[in-house]
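Naming follows writing order (A, B and C), and every chain is counted from residue 1.
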Amino acid sequence: MAKSNKPIVWGPFAAGGTLTAFLTPVLILLTLLAALGHAPDLLAYDRMHAFASHWLVKLAIVGVVFLSLWSAAHRLRITCYDLGVRADTLVATIVYAIAVAASVAAAAYLLLI
Amino acid sequence: MSERVVELEVLRYNPETDQEPHFQRYSVPCREEWVVLDALNHVKENIDPTLSYRWSCHMAVCGSCGMMINREPRLACKSFLRDYEGVIRVEPLAHFPVERDLVTVIDDFVAKLKRVKPYLIPKEPKALEDGEYRQTPAQLKRYKQFTLCINCMLCYAACPEYGLIPKFIGPAAISLAHRYNQDSRDGGREERQEEIAATEGVWECAFVGACSEVCPEHVDPAAALQQVKIKSTIDWYLEHTMPWLSK
Amino acid sequence: MAEQMSRKPYVRAIGREWLTRHPRYLRYLLRELSCLFIGGWTLMMVWGLARLAQGPEAWAAFLEALRSPASVVLQVLALAFTVYHGVTWFNLTPKALPLQLGEGFVAERAIAGAHYAVWGLLSLLVLFLAGAF
């Protein structure tokens, strides 16, 4: 048996899981408040645009998006196998590709801001 | 001492005559303080001597009497009848082939135990004349919990990943490897990593945690596996980004 | 005279029946399914970034779309599932990262508790900085 390269995939999963545990609930609360008509000040166009203009914020947003999507993708991959979907390589390719593609898209949109 | 009649629904399988297992019902007059193993022993001694199952110590230290009791992996000697209502379904431990009745084929588990090299590989070999290996209580505490495993295989029966992926080395074997890796006298971690850091080692674990929940000795194999994952991941990134650090 | 014993081990197939063996397996599934909500919400935010880049009208339309009843329900569910993910994650962290202190270990409750405390403070900080109150 040789040591696996699974850490490539598991490392970002663990980081993303930790990040989403700490940060995502409050972020969802922000958009939920907006959904209920009490949008926090930051979500006003001017404030949001100014916030996302800073290169450090852009970097942080891409990081958060990538890690969140990657850890969700990894969990979805495992869940599919648990539920009887045997084509692990195919599922893995699809879910990780979506995570990467959406992260690249986020970066692209941020570059336009 | 009051008695109660307990209905047991036991899986039967005779490889010499059966194509498939089937259930057999026994009505067993039991004493109030009995465990499931006592009921099985009563069946074998008084009702049906052909019933086959493993057991030995009757005190939850030998690990022989693991079986599925109402679909939960349990030691039959530690499952009190007073905790059960109605018909008690007794089946062989899940995720293992059935040899006969409640006896499972455990070859896979034994082979995996051997693969992880569950013995001290000393850092520095010492001749007997050089005296003992010395270890502080703190050093002992670092791995003590993982020494408590009685190889009962309840964790393998509880683990859905082992059920789905038979190649998975599994909770007990990996915890045992971790026990030696954490031992201050041991220097064999690199050798064991070849097995437990492989794909069918720790990486098939999804941290379901069922293994730790069913463990009768509170070994907490789930904890051992996550600790191995983290150490293996740190190792991997160090090896691949700063190769000059290792060896 | 010894008889030749014929072995014919029976392999029991495993499908999805393991999910119903015990409530813990359904709880595990629930925890894993939180990924759909976390992933889904994040994808929605990426969409929001696209709208933000398209200008004020697009952004206003995005915020307006957030106010649909479906969106409210999905976000409440997402919040619930994400919190469930967080709770299970924090409770399991002490097992993955045990802290030995001399001959004992730091209590798991203390490690998990520290995570909850940081989570609470961080959440309040974010809410404050975002002008939620």
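Basically, a contact is a pair of C-beta atoms (placed from the backbone, for glycine too) under 8 Å apart; a residue touches a chain by one contact, two chains touch by 3 or more.
In this text the structure is predicted, and so the values were computed from the model without any measurement.
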Of A-B and A-C, whichever chain pair has more C-beta contact pairs: A-C
By mean Cα position, the chain sitting nearest the middle: C
Centre-of-Cα separation between subunit C and subunit B, whole angstrom: 29
Where subunit A and subunit B are represented by their mean Cα positions, the distance between them in whole Å: 37
Separation of subunit A from subunit C, taking each centre as the mean of its C-alpha atoms, in whole Å: 13
Touching two or more other chains - residue numbers and ranges from subunit C: 32
Sites on subunit A at which at least two other chains make contact: 78, 82
For subunit B, residues contacting two or more additional chains: 160, 164, 206, 229-230
Residues of subunit B defined as touching subunit A within the complex: 115, 160-161, 164, 193-195, 197-201, 203, 206, 229-230, 232-233, 235-237
In the complex, subunit C residues that touch subunit A: 15-16, 29, 32-36, 38-39, 41-46, 49-50, 52-53, 56, 59-60, 63, 66-67, 71-72, 75-76, 78-79, 82-83, 85-86, 89-90, 115, 118-119, 122-123, 126-127, 129-132
Complex contacts: residues of subunit A adjacent to subunit C: 17-18, 20-43, 45, 47-49, 52, 61, 65, 68-69, 71-76, 78-79, 82-84, 99, 102, 105-106, 109-110, 112-113
For the subunit C and subunit B complex, residues of the former touching the latter: 6-12, 14, 18, 21-22, 24-25, 28, 32, 92, 95-98, 100, 102-105
In the complex, subunit A residues that touch subunit B: 1-8, 10-11, 14, 78, 81-82
